[in-house]
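Note sheet for the following structure.
Chains: A, B, C and D, in written order; residue numbering restarts at 1 for each.
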Amino acid sequence: MDISNYLYLSAILFTIGAVGVVLRRNAIVVFMCVELMLNAANLAFVTFSRVNGDLVGQVASFFTMVVAACEVVVGLAIIVTMYRSRRSASIDDASLLKR
Amino acid sequence: MTTSSNLVYLIALPLVSSAILLLLGRIADKWGHLLATLVSASTFVIAAIEFFAMRQRTGDARAVTQDLFTWISVGSFNVHASLLLDQLSICFVLLISGVGTLIHIYSIAYMSHDHDRRRFFAYLNLFVAAMLLLVLGDSYLNLYVGWEGVGLASYLLIGFWNQKPAYAVAAKKAFVANRVGDIGLSLAIMIAFAQFGTVSFTGVAAGVPHASTAALTGLGAMLLLAAAGKSAQFPLQSWLGDAMAGPTPVSALIHAATMVTAGVYLITRSHFVFDASPTAQTMVLIVGGVTLLFGALVGTAKDDIKKALAASTMSQIGYMILATGLGPVGYAFAIMHLLTHGFFKAGMFLGAGSVMHGMNDEVNMRRYGAIGKVMPITAVTFGLGYLAIIGVPPFAGFYSKDKIIETAFNAGGTKGILVGGAALLGAAITAFYMTRVIVLTFTGTKRWDDEAHPHESPSLMWIPMVILAIGSVASGFLFNSGRALVNWLAPVVNAAGVHSEKEFLPATTISLMALGVVAVGVAIAITKYRTVPVEAPAGNILTKIVRRDLLQDDFNDRVLVRPGQALTRFFVGMDNSFIDGIVRGVGGVIALTSTNLRRIQNGYVRSYALIMVVGVLALLTTIWMVTL
Amino acid sequence: MLIAPQLSYSLLAPILIVLGGALLGVLVEAVMKKGSRAAIQTAIALGTLVLSFAFLWKIHGQSSKTAAVNSVSIDGVGIFLQGTILILSFIAVLFIADTDNFAAQASAVPGSEDERASVLAGKQQTEIFPLTLFAVSGMLLFPIASDLITLFVALEVLSLPLYLMAGLSRRRRLLSQEAALKYFLLGAFSSAFFLFGAAFLYGYSGSMSLDGIASAISANSSNDVFLLIGIAFLSVGLLFKIGAVPFHSWTPDVYQGAPTPITGFMAACTKIAAMGATLRIFYVAFGQAEWQWKPIILVIAILTMVVGGIAAIAQRDVKRMLAFSSIAHAGFLLAAVLALNTDGLKGALFYLATYGFTTLGAFGIITLVRDSSGEVTDLNRWVGLGKKSPLAASIFTLFLLSFAGIPLTSGFIAKFSLFTGAYESGNTVVVVVGVLTSAITAFFYLRVVVMLFFTDPKNDSVSVVIPSFMTRAAIAVCALVTIVLGVAPSLLLDTAQTFATFIR
Amino acid sequence: MSQLSIVTVLELVPLAGVIGLFLLPKGSTKLIKQFAIGVSVVDLAISILMALRFNRGVAAMQFVESRNWISSFGIKYAVGIDGIALVLILMTTVLVPIVLLAGWKESENGRWSPRVYYALILVLEAMMVGVFAATDVFLFYVIFEAMLIPVYFLIGGYGRGERAQAAMKFLLYSLAGGLLMLAAVIGTYVIATNQIGSTFDVTALSGLHIDSATENMLFLGFFIAFAIKAPLWPLHTWLPTAAKSATPATSVLLLGVLDKVGTYGMIRFCITLFPHAAHTFTPAIIVLSLISILYGAFLAIGQKDINGLIAFTSISHFGFITLGIFAMTSQGLTGASLYMVNHGFSTAALFLVAGWMASRRGSTKIEDFGGLQRVTPVMAWTFFIAGMSALALPGLSSFVSEFLVLVGTFTRYPIAAIIGTTGIVLAALYVLITVQRSLHGPTTPGNESLTDLNLREKIAIAPVIAILVIFGFFPKPITDVLNPASHEVMTHAGSVDPLPKAGK
């Protein structure tokens, strides 16, 4: 089966993620969409690694996962404090800073 | 060419004394007028010495020069501050310093009640200095300095009582009108430099043969414009009447005898230009002819004695300009009339001043009448001046004016008839309005009310009048005896041996014609003004127009002043709204964009993300476009 | 039998030391009592930075690609930027160390009882120091990283701490937390783009290293689409960090919400690191493909200058205004990317250094303008400050003039050298737009000067607090550098020239 | 050669004076004033010494000094003066003590202390000397821009009315122009680097070979900046605002000296560096000059505010100066340079006397005066003489320059000269109308008790009037100094005086 389909898939996933970030209100969901985008990138890495026939891409995806994990830690911390102080996880409530 | 070292004193002395009087201020009040008069007298003495010295010399040796210092030297533009005293300028120097001195003396008494008398004399000295510089400068640029100097002095003196707004306006008007003339002089100098690479009289004279007719015509026209401005010739005549706002001695010296004749001097001095350009010469003729009639007409309707005399001045200078327009033969007669006119007109102005002095500054002739009885000396001196101006032999005016009329006719062809006719007509009108002045002022019944106590003026005032009267009686005869003046001036205006080629009519005939029309004018005046109403009769439309100075001011007002003001208003508006508006507009647009950009920053993460996504898409598409 | 990779520790020492210091700081948080932490943390942070700089000094002039198995390349630019970052973060720490800028207890709900309690107890979140050091380590790595993975890791290492630090303000905590959230979400979003781009570049060139990409481009091996997607998406990540339009939206909000010392730290150091990485990537990796990316970078540069400059005019909050001004400056800096020549590089290095000092100083002054409820950033309340505290106002004016690029300040020389490089490479357009934008930016800087000096003070409680010694020293240094480098720029310019080389 | 030039001394003395000012004890206003005036007098003495040692008839730069400043760009601190620079510097050093003496009280009702006022003026003096003496384009530019700052504070801090806005408008206009010029400076530098190596030396740069399109652009870059400085229609709108708000002393220095930098720059840089472009643009510039002459005059006639009037007369006069410069004849150039000096002094006289009138009457509206000749004769006289020199009355120095400009223009562009000449009537109008309204007529209520000039004011104004008169009759000392310089400029621009048409 054609390798490029994997790339299309990753592109689709990335797009879905991006759209999600733009559309969804819940901070957690938005963040998950970002993770989705990262994983889309991972898929692309792995695919290309397969194409190039080396392992660098695979390694890269591992790095990505680790970094993503770190992001989760930091991100959730921030979101939780937000939630506690506002009693809501909607990012639209966090719009005091403007103009 | 001889060199002398005293010429500079002619200018320096009055200049310094005027500076002293102005700088010392009130300290000099006691003796200021004496110093000024003394200085003026000493200039006359120097002039006299120079004159007699000049008569000793012959031919080219007569002209005297004095090189003072390099004034301007830039590239090929070299102007020396140097003076030239030749047969032509000596006439003026004598006239200025002589009449000037007399008027200084007169003013001592006339201004005695004015607590700014010192300042007045300072101005008078300033004028003398500037006027002498004007006639002594050996290049157009030096002349220009004197030219503007006399303008300044006249401005200061017209506005001497500038606390009266009308007088201040009159002063301003005079200066501005003169400035219009100065455009002419400036451009003339520029043309001269561009054409000949020099602005000295001799240099330009030497260059004339090589220059194109167009250039010469332009040069001539510009010089004429300058002359018109300074000598109140058509179309720049309007300021002279208002200039009578100045104290009467000023009117006598500056606005009758000397400054206003500077135009005649300029044209005579530049004779080489006009001789080489018939077109320019014709212009001169036209201006002169028009002005002499214009002035004469205006003179007929004036009830203000000074304004009547002013109009007459304008007309007489018209004669002189006309004469200069007649070529080599004319110059001498122009100068002759200028000198005689200097005597009789100054004399008459002083007379008028003396009358006003006695009538506590009443100027309306309709409120005079029968003054001859109470002011005999004034009446007599004025009368002699009158006889001179209307050209009764053997008085001065006869010789000078008669010659001009004669030469005018001899110009030949229709031109001759036209200018001659104009001159003749002018003579008639002159006779009329001058007689009118005499009748209204000195004869008839007394029309002044009782608080006026007319009395003869003090000796300090009448002595100068007497001297001038003598001048107006004798000068003409002297100048004309054996063509004295003509021969004297011939080398300067290269009229040597020039005689009116073919006579249009025998001289005697013309003289008789002249006398005839004069007689008519006198007769009409006498009959018309047997009785004089104190209030001027309404008069028909023509009279009204003439009373309004042939609408000269209305014309200027409509054609120049109001459009000018409108233009100014327009520009001011344009500067605020348009030009600065553009700047402010740019600012406004930026500010507006800024506020809008600010609105985009709405604080929602999602919209920020959206902006980014849009950015990415835009980025991709542009890359696509660039690469494919 | 596998061989342990060769690491030349001396060359990596500066980064490792900072990381070590950070870990030490974490330990301190764990073992020390609250009372004594702040002092110790400050000491550790400053000490670490100095030590790291000392080691950096030892290796200046050296260059190597193999310091860490081809994943970093030590060269002039890298070392210069690392040095600048170290010095600037040292100053930043001085500001940070000044008390009561940071949350007493980040976990406490704003306005809650225990917050009040902890405030009364005079507590402060001293984790800020190790976080700073972590961020610094990331910043040190970012400009020397020479393969995509290292770049990504460095990017995250410098970002994650900043996300947290942005949320640690002592007052107006809601704003601060919001800033953190926005910064985090958008940052993560952008790094996703970065990663996706990295993937496609890998796909295009079959290699992760910048050199590999460069050679692939010059060999023009396989299909350009991958390359283009790669360049585009990678740029997004970088442009986001340097705050270029249209990826700038986070900047004003975060700058305003974050604690002012952190804002200063971000504005100065993050920009340097990100700009350094950008320069390296575009010079080393994409240099051959300029005809593909120059147009977009040109457009973005112009957009960034104009939008930054114009948007700043309408700002009422001094921190937001400086945020937009920093956007405009990012635009100027992109001119160096376009230049693609040594003079441009030199200009950029000088610009980054001087801009860093000026920015830190400016934000340092902002921390001093206060009323009873803390910092006052509303410009309308700054009026007449020149009367209340001439010195502070004058120094702030100096910084503004430097931002505006008035001669005899460092900002002018910086602009000049930067634009010279751009002009040499034939990018006249960007130069002209640049100078015109500078005129616009000058307007709002001067408006502040008018408020400070030419307007009479409203008598409200706004005043300039007398700063601690450290802050005073820090501000003094910034002001001094701004003037000295304006009058005698050769001091730094020559250095920048010698260091302005990438090892390829 | 790097020995200390007397020009440098001229710059250092005022700067040293500034330091001295701040060492003086507090609250001793009188002492401060005396000290400042003393410093400026010392500077004047030195400048006179320089003038005496100046070698007339030599076109080359004299008193040159050259030290490396920013070596990496080949930027030098290079000064040296030719005739034009000499007279302008002398004008500066003469005017400064005069305005300080004349504006005795100006420093006292400002936002800041008199100390600051005098410091600003002295700094300005140093810069004004430097800007005329600079032979390094970069140095010139730096001072050209930096000069704005002291003026900005002088207007905004010690002016009257809408001073803040006026200062802002002035600064923005100048900055906009200056930044365009910066682009041009960079462009010239880059071309130089490619052709003869990095240098900003004006003589070296004048030898460049630039393709005409670029040359035109660069020329415009410089020219627009200068056309804003020496306000040429339509870039003039900042001037009246500034003149209305600035104190008399500031106005004198602004219009009398600073704006001359514009016209001076046209000669020294526009024509010297880009002769061909200068020729290309000459027609357009001449048209603009003519518009300025007439437009300025008309607006002067329409002014109600006396300072506004003076400002617009200056715009008209600057029209004459540019006309003379671009006529490219020796009369035009020397006339224009002489015009700069004369305009400096006559404007000084006008502004100072107008300032005294305003301070006595408490109004700058022309209609509020009237009949002053009766009340305050001396003040009236000084104003009258100043006015006469404004309308270029023969016998006053301004006549010589104005006539030289016109005659120099006429030999090459007769029509332009004719149009320009009509300006003398308008000049008569705006001067005499003002004189009539303010000095003549009945004394307006409220003016009866005005006091005449006191001794200090007389001492201040006397030298100005003396200069106007003396150089009116004997301008040779100045023209002799100017001639070689303008000849040099012409030969460089490759233009020669037209020969007399009626050549024999």
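List of remarks:
Everything below uses one rule, namely that a contact is a pair of C-beta atoms (placed from the backbone, for glycine too) under 8 Å apart; a residue touches a chain by one contact, two chains touch by 3 or more.
Quick caveat: nothing in here was measured; it's all calculated off a predicted structure.
Of the two chain pairs examined here, A-B and B-D, it is B-D that is joined by more C-beta pairs in contact. Computed centre separation for the pair chain A/chain D is 65 angstrom, with centres defined by C-alpha atoms. Chain A and chain B have CA centres that are 96 Å apart. For the pair chain B and chain D, the distance between C-alpha centroids works out to 37 Å. Inter-chain centre distance (chain C to chain D, centres taken as mean C-alpha positions): 44 Å.
For chain C, the set of residues that touch two or more other chains comprises 181-182, 185, 189, 193, 252-253. Along chain D, no residue makes contact with two or more other chains.
Residue positions of chain A with contacts to 2 or more other chains are 18, 21, 30, 91, 94-98.
By the definition of touch given earlier, these chain pairs are in contact: A-B, A-C, B-C, B-D, C-D. Contacts from chain C toward chain D in the complex involve residues 346, 386-387, 401, 404-408, 412-413, 415-417, 419-420, 423-424, 428, 431-432, 435-436, 438-439, 442-443, 446-447, 450, 453-455, 488-490, 493-494, 497. On the side of chain C, the complex with chain B involves touching residues 181-182, 185-186, 189-190, 193, 224, 228-229, 231-233, 235-236, 240, 245-247, 249-250, 252-253, 291-293, 295-296, 299, 307, 310-315, 440.
On chain B, the positions that touch chain A within their shared complex are 598-599, 601-606, 609-610, 613.
Listing the residues of chain A that touch chain C in their complex gives 7, 10, 14, 17-18, 21, 27, 30-31, 34, 37-38, 40-42, 44-45, 47-49, 51-52, 54, 56-57, 59-60, 63-64, 67, 70-71, 74-75, 77-79, 81-82, 84-86, 91, 94-98. Listing the residues of chain C that touch chain A in their complex gives 106-107, 109-110, 148-149, 152-153, 156, 160, 163-164, 167, 173-175, 177-182, 184-185, 188-189, 192-193, 195-196, 198-200, 202-203, 206-208, 252-253, 256-257.
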